[in-house]
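Shared chain: chain A. Partners: chain B in the first complex, chain C in the second.
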Partner chain A sequence: MAQVSGRQVFAERTAVLLITIVMLLPVVWLITTAYKPSNQIFSIPPRLDFQPTLDQFRNIFGYFDVVSLLRSSVAISLGTTVLSLLLGVPSGYALARSRSRYATGFAYFFLAIRMVPAIASLIPFYLMMRDIGLLGSWWAVVIINTMLNCAFVTWMMFSYFRALPRDMEEAALTDGCTQLGAFFKVAVPAARSGIIACVLFCVMFSWNDFLYPMFLTTLDSKPLSVALLTAYGTKDITWGSLGALAHFSTIPIVLMALFLNRYFVQGATNGVQ
Partner chain B sequence: MSQTSSTGVQPRTQTPRLAWLSRPRSFTDSRRFFLFFMAAPAVLYVLVVGVWPLAQGFWYSFFRYNLIRPQRTKFIGLDNYIAIFEDRGARQAIVNTFQFTLTSVGLQLFFGFCLALLLWRDSRFNRIALAFLLIPATITPLVVGLIYKALLGADYGLIGYYLANAGIGPRTGLLTDAGTALWVLILIDCWEWTPLMALILLAGLKSLPTDVLEASRADGATAWQRFTLIVLPLMLPSIFLALVLRTMDAFRVFDSVFVTTGGGPNDATNTLMVLAVKEGLQFFNIGYASAIGNITILFIACMAAVLLLVVRRADVRINGK
Partner chain C sequence: MAQISFRNVFKSYEGGHTAVRDLNLDIADGEFMVLVGPSGCGKTTALRMIAGLEDISGGELLINGERANDLAPRDRNIAMVFQSYALYPHLTVADNIGFGLKVRGMSRDEIAAKVKKTAELLELTDYLERKPAKLSGGQRQRVAMGRALVRSPNAFLMDEPLSNLDARLRGQMRAEIAKLQRMSAVTTVYVTHDQVEAMTMGHRVAVMNKGALQQLDTPRNLYDHPVNLFVASFIGSPPINFFEGMVGQADGAAVVKLGSFILPLGAFGARAAAYQDRKVIVGIRPEALKLTEAAGGPGTISARTAFVEDLGATLLVQLDVEAANLVHASVAEEEDDLKAIRPRMRAMIDGVLAIAPGDVLSFSVDPGAIHLFDADTGMAL
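And then the complex of A and B:
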């Protein structure tokens, strides 16, 4: 945009700054509750000042098996991400490069799958897992999460590869490179940033997911997201433990998205530019 | 080839032949097979784990099927669907879901557009601000619900206590009153997703042709004219994309409703997803819950179709394709 007065820029920046601060206040509250003693969280009237303490962290390690929760969360998101990429990146590539007239139709099919409400497939899936004896293990969560996420990855990579020129791969193929070689040595490196965006979103979706693990896992296989609900519900466990637990469940994802912001933006605006 | 022969140069048939041969080599049968086997696993996986359960759900929806009394399973035709529209609670859930979706996406579009216009100037400051603004969208939706439940509680909540004391809103807290709960949920959704909406719209703004904007500025168009006559029409495709994405998500809202109100008080915030989860996985009313799930899919498909039609028409009108 053309030249504007410094005053206007200043006004805009002040507005943006104020909006950002107001939007982030609830997040700041969540983080700070973790360092408040319980009697100061529940004071009348509610107050903002507090003496910092690490009691809440000691509490959650007493109430929850935090290591086991973390292990489940990591297993679920790692499994989902790896499987989704293994399935989704090649299929996105194939659909983008195919000259079949059904290719775009298939790509839209993956997009549509992503839009289906979770509950519609969850109930039959629940019965299916019960019948084959996977109910209660985090494998069940990985299997259904992979379905949704590989659909997402396929769609993302489809639009990403379609925007990349074919010339490089075709040159590699005519130079005697194998089909797989052209994919791994030429196409995948060229699509690196799209793949990073996919990883970010897969980790985020599966780590934050709560509906599937709530019904598909049991006490010893449940991830952090399910534990958060129990952290809130019980009487002697307080908002403080919610805040403390969020340090493990929420803050890592937020930081990851913040540091990989470029890829987050890329993934979220896929299809606009 | 005709060129070479007409100039009288000795025709070298080898070169064009090779060129002719090497062209289709980039898309031979082996290439076709390779691409097929690259796509097949994902398609197969989604068919088995995604489409098959959906088909089963479709099938179950015609049965009276309760896991607690499986021996009483019986084919009942469309009775489950009729029951949805006869049940006051379920009707309320449909109305709530639409009210939630339309209001919340509408507000997000308005505020998101304002935010995108504010952030339009490409500067380091704005990029960093946007990165921080997007934090709500990356927080576990469940935690978002819990944060607001805590903040709005009338007894110890940082916001709720003072609101209740100042006599604003119901004494029991905004989330526990049937009149205000749904609106609070809408505002929570706006807090969480407005920045994402702004991000998508901003990407659209940044891809606008700058020369047109510069020209209009040079011609002396006011800011308002530039916005309504140039920015808005050119932005229509981005706006509709953002609307489609957010509408689908808002219609499937579950986490934040489930943890803040659980659908209450008195079904005032019950949405289709919450209703289906309760019926299916708490009361094990598989047939009825499947019917609700299918109705939800139907609604989503209809909304997607309507929005896609609108996109296409707007696109035709603007770009004249």
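And then the complex of A and C:
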């Protein structure tokens, strides 16, 4: 490794610090807003020496059924993630191990599905869900999110499995596994870091998804992301409540990312072979 | 234990490439068979066919006399060691070794006992709880061996298992594997492109080139009696020297003329009788050239030293031969590279001799060490 001068280290650390500050400012603002008394939220310059209060949290519990919102968010993300992985991981594997010269083309076709603007599919999907009676249920959101995310998972796992040496699965075959056994016992565990990355993406996409649940859910089934919008502009519920509600919307996902990140890094550094 | 036979086996791919053509090979029970050849010669494809990892396009593969073409890999009870080792990265060494036993439903205690025994044999006991990523190359190689050994399979298949090790370790493992095979007496098919491994490890060696079997014989016979130019040039290190020659007579005895050099064929002249006054290719191994004082006489070759490589015990001398035409000892994969280089004669001589570039040296050649090949077909006379 090349020697790094003190000045270079200083420059690097300053740059990292600056970027961190820029990235964290909105988060700090969001968090502090939730604990500020309403009259101090827009004080200029922004103040950090306010008297913290839990009024905003009391407010939102008064106006919203937070538990129900959380339950909807969890159900939609969990359902989407499980279904996307169940469909996407085997599809990605099948494509990766296919000898067809069209396999790569197919994989990118799946990626393209993820890029379709959400609004384009909303209206036909809305009508479909209405006709089969799923409109207003979690299922409507889970199904459309699965459609998009599973396409993404397929593409991502295709790349992962392609990079995984076929030797390992062949070793499993000679060791006595069936093709399916080799997939579950060797290929899937070896691609664990890729699968965890897919879990992260799926949960994030569906947890933060706003457009589909906005139109496909009802008052009883709407998730946090939709509630966040309604927090703004009704009666006196404003920025402070939005900040408090955002706690419930961001903390679970940040915790999950932190928790999975450990496995993600571990999986990636374990390497192949 | 298994007996493995190829009967007119072909392997062709979509697009017309034929990896193996008309392979006929019988591997006896308990035999250590080495498949050797340059890359792309079909040796690995043949091995993978035995494992069931490659479909057979034509012909029959028999294991213990039974047709095995369509048998799934798991039903063959054959263990394979891969070039990349193909260890399972998410499992510990112990679980890697025990994987095949677990899949086959063996009890936990039995697996533990067998893994322990195998680990002791391969000196892996201290590493049983480690993941493959935390092992050295040599240790990974031993785990791959352990995974094969622990199952007591019908046959071992090894696909260049030593090619990722450094030279010293490779030498050690070479002997180790040969010893293990002799000890267990399990039929073994070993693929390599390294002719030292081919010569030292196997009972018999099958030399392959361009998908076809060239010669199947003991290492000694391959070296002493190569059937064609390819085998002669592939087996032996440093490679054999080839000259353009002409069969003729001198004083009523059969000789071969290399330009202005005349080499008597002595008792070995009979095989060249049909080639009287015809062009042949003459092969002389570098170690068959003996330094002599008697320059210019029959049975000698003189050449000017171009450069000397000191190998310690011996000197590998490369010489320019002006009075005869040298031909490249070409092996398919190197053909194009070699054409650009001027062919030189190689000789192995005693390491203590003081030889410098520019020196003119004379060599005598024992008639028994002269290999003759048909110039058109490349087949040995």
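Here are a few things to note about the model shown:
FYI, the second predicted complex is superposed on the first by the 245 of 273 C-alpha atoms of A that agree within 3 Å, B and C clash if a C-alpha of one lies under 4 Å from a C-alpha of the other, contacts with A are read in each partner's own complex, and residues count from 1 in each chain.
As a working rule, a residue touches a chain if its C-beta (ideal position, glycine included) is under 8 Å from a C-beta of that chain, and two chains touch if they have at least 3 such contacts.
Quick caveat: nothing in here was measured; it's all calculated off a predicted structure.
In the superposition on chain A, contact is made by A:210 with chain B only, not with chain C. By the touch criterion defined above, A:31 lies against neither chain B nor chain C after alignment on the C-alpha atoms of chain A. Contact with neither chain B nor chain C is seen for A:70 once the two complexes are overlaid on the shared chain.
With both structures placed on the common chain, the touch criterion links A:173 to chain B and to chain C.
Once the two complexes are laid over each other on the shared chain, residue contacts for A:78 go to neither chain B nor chain C.
Contacts of A:44 after superposition: chain B is touched, whereas chain C is not reached. By the touch criterion defined above, A:196 lies against neither chain B nor chain C after alignment on the C-alpha atoms of chain A.
More chain A residues lie in contact with B than with the other chain of the pair chain B and chain C.
In the superposed pair of complexes, A:106 makes contact with chain B only, with no contact to chain C. In the superposition on chain A, the residues of chain A touched by chain B in one structure and by chain C in the other are 170, 173-174, 269, 271-273. Per the touch definition, chain A reaches chain B in the complex via residues 1-2, 4, 9, 12-13, 15-17, 19-20, 23-24, 26-27, 29-30, 33, 41-46, 48, 87-88, 90-91, 93-95, 97-99, 106, 109-110, 113, 115-128, 143-144, 146-148, 150-151, 154, 166, 170, 173-174, 179-180, 183, 204, 207-208, 210-211, 215, 225, 228-229, 232, 239, 242, 246, 249-250, 253-254, 257-258, 261, 264-265, 268-269, 271-273.
Those residues of chain B lying in contact with chain A across their complex are 22, 25-27, 30-32, 34-36, 38-43, 45-46, 49-54, 56-57, 60, 115, 118-121, 125-126, 129-143, 146-151, 155-158, 161-162, 165, 191, 195-196, 199-200, 203-204, 206-207, 210, 213-214, 217, 238, 241, 248, 251-252, 254-255, 259, 272-273, 276-277, 280-281, 286, 289-290, 292-294, 296-297, 300, 304. Across the complex, chain A is touched by residues 51-53, 72-74, 76, 78-80, 82-91, 99-100, 103-104, 131-133, 140, 147, 151, 157 of chain C. Listed in rising order, the residues of chain A touching chain C in the complex are 165, 167-168, 170-178, 181, 185-186, 189-190, 192, 269-273.
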